[in-house]
Amino acid sequence: MGEPASPAPLRVGILGIGGYTGAELLRLVLGHPRLSLAWAGARENAGRRLGDVLPGTEGVAGVAELRIEAFVEEDAARLAETIDVVFACLPHAASARACAALYRAGLRVVDLSADFRLRDRAVYEEWYGPHPAPELLAAAVYGQPELHREELPGARLIAAPGCYPTSSVLPLAPLVAAGLVEIEGVVIDAKSGVSGAGRSPSPVTHLPEASEGLRPYKVAGTHRHVPEIEQELSRAAGAELRVTFTPHLAPMSRGISTTAYARARAGATAERCREAARARYASGLVSVLPEGRLPDTLWVRGSARAHVAYALDPRTSIVVAMCAIDNLARGASAQALQALNLALGWPDALGLPEVGLFP
Amino acid sequence: MGEPASPAPLRVGILGIGGYTGAELLRLVLGHPRLSLAWAGARENAGRRLGDVLPGTEGVAGVAELRIEAFVEEDAARLAETIDVVFACLPHAASARACAALYRAGLRVVDLSADFRLRDRAVYEEWYGPHPAPELLAAAVYGQPELHREELPGARLIAAPGCYPTSSVLPLAPLVAAGLVEIEGVVIDAKSGVSGAGRSPSPVTHLPEASEGLRPYKVAGTHRHVPEIEQELSRAAGAELRVTFTPHLAPMSRGISTTAYARARAGATAERCREAARARYASGLVSVLPEGRLPDTLWVRGSARAHVAYALDPRTSIVVAMCAIDNLARGASAQALQALNLALGWPDALGLPEVGLFP
Amino acid sequence: MGEPASPAPLRVGILGIGGYTGAELLRLVLGHPRLSLAWAGARENAGRRLGDVLPGTEGVAGVAELRIEAFVEEDAARLAETIDVVFACLPHAASARACAALYRAGLRVVDLSADFRLRDRAVYEEWYGPHPAPELLAAAVYGQPELHREELPGARLIAAPGCYPTSSVLPLAPLVAAGLVEIEGVVIDAKSGVSGAGRSPSPVTHLPEASEGLRPYKVAGTHRHVPEIEQELSRAAGAELRVTFTPHLAPMSRGISTTAYARARAGATAERCREAARARYASGLVSVLPEGRLPDTLWVRGSARAHVAYALDPRTSIVVAMCAIDNLARGASAQALQALNLALGWPDALGLPEVGLFP
Amino acid sequence: MGEPASPAPLRVGILGIGGYTGAELLRLVLGHPRLSLAWAGARENAGRRLGDVLPGTEGVAGVAELRIEAFVEEDAARLAETIDVVFACLPHAASARACAALYRAGLRVVDLSADFRLRDRAVYEEWYGPHPAPELLAAAVYGQPELHREELPGARLIAAPGCYPTSSVLPLAPLVAAGLVEIEGVVIDAKSGVSGAGRSPSPVTHLPEASEGLRPYKVAGTHRHVPEIEQELSRAAGAELRVTFTPHLAPMSRGISTTAYARARAGATAERCREAARARYASGLVSVLPEGRLPDTLWVRGSARAHVAYALDPRTSIVVAMCAIDNLARGASAQALQALNLALGWPDALGLPEVGLFP
């Protein structure tokens, strides 16, 4: 893809390219006019041709024949000579160690793991264990572009948000910020495609047991994304809040559909909710759907955009806030690129698909 | 399944055999030791071989060659001479008219439409329009076998419950009956396979637009199943309650996964919820899952059983009540047969698959 | 289904109950009027509650609480006192060892592995390695009910056919037997649901990589089912023949759709092909579809029936022979039960679903 | 997407934007650095906001608010003042009429219907009825970029190939051209996702009846793509040939997997087949997979590339030629854009995704 863009493109490295968020980054970087893929690293696939790990690249000049390299922290300084930015798509803890080395070597780093998302080290360690690089928490910017727009320009360590938090926070943040709903008793019911579980096969992703199976899991506050959701919604609300969050695995590959419930405060209407969201998302890549339309994961596949919509149940005074995203695009890799765009002073949408694959 | 079938089997007619609940009834009646298929009727497919409408019957002696008959109300008396029981799988209003004629002709009637589910005619007419046979509402028994066990023996007009109400009422009824949760503020988030939309193709069931699409619809109290859910939960609670109900279409054929949220009353625990459900469902076909297991539509496909489970979020004091059913089996046709079994004094499970198709 | 079940039912054991063919046997045995489940064995799941391995059984009296037992060959004699028939659903070689012990202990054995399917030990060993019990090959009957009807009555060791061979041999056998097609140059193109790969997760069954992936595999004569197909078609033709066989993995759970191509001999027409099939399958559970209808895996899910159809391309004089089966039902467990029915002198269809789950 | 490209971009119109190939063109045009969307037309959706017809565009500046216009042939001259190129995504016959008017008005036209694909008017009329603009057949170039590379530069009327012909011709053309296989007796077995049937819902695309259904249709030479396949393969072979072609509907949205069979001539090996394909496809967007790898629709979703691979069955001397494409991308819209790129003297891949959406 791409005409030569006038300035030399930034050289990008992807660490963990064989997983889903790494592969999605590859797709997006190849379509970005000011980025070029310069390095591919991984833990398990080191030494293999990229075309063997991601056969979709087969035949693409300069890509399929790329040899995936192992990465050890000692390589960071050397790597900093050949690339400008690195995306880390590793499991938590491993990611923090790699990111710390790369960051210290002077690279701009976007981390797609959970390691730099939580502001409070104690909360992190309660859910994930000892933090390998707590001294960098202060340097990291939470990469939700619409909600952290002021902090991103110039950021050198970006924590790309989780997929469930993205789909939970985007529809609710404008409501709690505007005081349209009570901040107590918020219920978030999220349904995710199974690509969210990663590329490793398991019984819950085994097609015969997944293709007609829809099920809740990690219910009642036990999912690791709960503290991230609460951190960001509390920030938006300006007060501590807790949520009841239920993730579900749905029989599809990509996508998260989230339906959240909050008690309306006096004066709240669906239209006021839309207005609050439109105001909050005047810039960026969140589409507030017109009245009468509801979000559908169908329409955001492969897209950098999130779709949100609102309704009010007049019989129960409950606001229903809904969101659809592609968990790998807006929920991970495209959002990470959008955050990078802002860090570099570029427009949100530069090089990003705003219209997904349909059907 | 099983039981020696010494006496002559009851002769069954299915009206609306070409739709999904009709086809599911056909499958189940063929496997029932005390029922035999004696008549097939339909509105659109009249005159056609059953094998042409349901090719899965092709080659099955006595089934594929069956000629589907049109039904007009004047036929009721004649039909009453050749069959004993009729299942009506027609759209609402049309169903009530047919059922009224068949019932008056002396037949035992199981209606799978909404026409006789709502006790209050005014509520029915608010949602569905004029009731064609309101004088029969008092004769009809709501065919939820576990919750209306006492009313079913001898019933001659059975209103088979809706699919969403089944998956919403079964997990919650024991809780509201036992006073374990507040009856205000109940939220029900349900995800249904698209067979719930029936056999007529439409954009939301078109595979390219459905197979990776998950979406809410008819949100904020606008779905017709709301009054039925509220009727049955209010009955269980012994007090009027209202719910916030959100249906979703999920990219699968069969199954409903429902996750409901209610505020715990003092003393409520997940185990007490399970105990209440076990007590309520000591008889019948509702499986209360052991601690640590959650319902999955995968496990109930084609089965007459509902699976329910409970959790309590200790951080928010919200009880999470979950249910999985097959919308066409437990949510429609198998439940209708279970209700008929009770009406005839037979065991709940007679002739019904309690173990579904796996995978 | 049905039949008065006056005599005491036969006691059935299932070895390998946690896999897909074992689970399917469980479903079918529970619906069979003259069989009762008396023992469940497995290699990996020994000691576990059946309800934990197959949650679909949860709540079913006498099933969910069944404890799965390990099996070692020394147990065979003891087992023979409590059960009458055993189905073995183990991997090849392990299956032959178990079956040999059980058979020698006096049990009737139905083997769902490949171990007793190939008449020629040398061919077996070329594809599978050393045969653990070659001395039993002569005792085994190939359990294709329609094509080995004369050999099955009284059989004590039945080799249930493979899924691809079932879907390949059923449509072609009548044609080669009747001399309607050339036996050279037969091409068989088969598309299978991924449940054929078993219950162990792997990259090719991982939903995100399988749900929109259709791919050939083990092409050009390298699939182990090739010798079985050739054995049975050669037997039907009365002459040695070879086939070009290509299996494909299709993005569905159950089902095999097979399209086979053979050069028409003079005088062959589609109608003559149908006539030959109707004659061959006058008894049994193979449905020859009427002109104008083509087989669809949709219509045979969960069914014991195979659907076959024929066309002739007049421009190229190629006969197109098509078949649809459920790989786990007709292609494995239901066919195994049908063969057992014949071995015991019962009707083919006794206790078997002839109409599948629709939709 | 997109940095400003230095020269003014070409203004593109899409006629039939609400269908799948139109929507796919929209996605691709938005990502193309030298094209801009300037007009959207349709037959059924005229007057509607694009965001209401394709909700995936919602929120995208300049796209969602676009008003779809009706098109009558009298508009062609006026339209020619505001756009440079038009893609026609209409049904056959309607397309020819529109294309003729647009072409005569001076526009460059890419027709995605079948109207200008067949060189022989008589053949067209046998399959499709009277041709509305036969006088333009001579002007049209068949837009298979790799096989008609010399004819495309400067072309003003391009007939974009059909999806099945693309997946059938690409793997076989190098073999018949190189004399590696007999041209008699070629069998082509193709499996397509249901998006190939278009955006109009129908029973065969209804998810409950499609998601576990795989079935042949229009067998034995009755599919309209047969003459197009034969035209192109005959051209490659330099001799008339006929094929036996069987299309199948597979339970997925996008993708065609084609497996073709041809008798090997003396000396043919899989490696020689690969060599012939590599030579033929040294330029362009066809990836010849390395030995041991087979095409999978998974890897080409949303991609402009076709993947081909070869095997030889040594036991039967049959060459197995395989191909995977995305029916809407390489099989329709992306290929149409690739042909336009060549017509304009641009590189094949300009602006086109060569790496698809994974997973």
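List of remarks:
Should a chain be cited, it is by its letter among A, B, C and D, assigned in written order, with residues numbered from 1 in that chain.
Rule of thumb we're sticking to: contacts are C-beta pairs under 8 Å (C-beta built on N, C-alpha and C of every residue); 3 or more make two chains touch, one makes a residue touch a chain.
Note that the structure is a prediction, hence the values are computed from the model and not measured.
Here the chain-to-chain distance from chain A to chain C, counted in touching steps, is 1. For chain B, the chain whose average C-alpha position is most distant is D. Note on chain placement: the centre of chain A and the centre of chain B lie 40 Å apart, centres being C-alpha means. Averaged C-alpha coordinates give centres for chain B and chain D that are 46 Å from one another. Chain A and chain D have Cα centroids separated by 34 Å. Counting partner chains per residue, chain C shows two or more touched chains at residues 20, 193, 195, 199, 208-212, 251-254, 296, 298-299, 301, 359. Note for the complex: chain B touches chain A at residues 185, 187, 189, 191, 193, 208-217, 219-221, 242-244, 246, 248, 250-255, 257, 259, 261, 263, 294-299, 301, 311-316, 318, 320, 322, 324, 359.
Within the complex, the chain C residues that touch chain B are 1-2, 4-6, 20, 23-24, 26-27, 30-33, 51, 54-60, 63, 195, 199, 211, 253-254, 285-290, 293, 296, 298-303, 305, 307, 353-359.
Residue ranges on chain A touching chain C, taken from their complex, read 20, 193-195, 199, 201-203, 205-212, 251-254.
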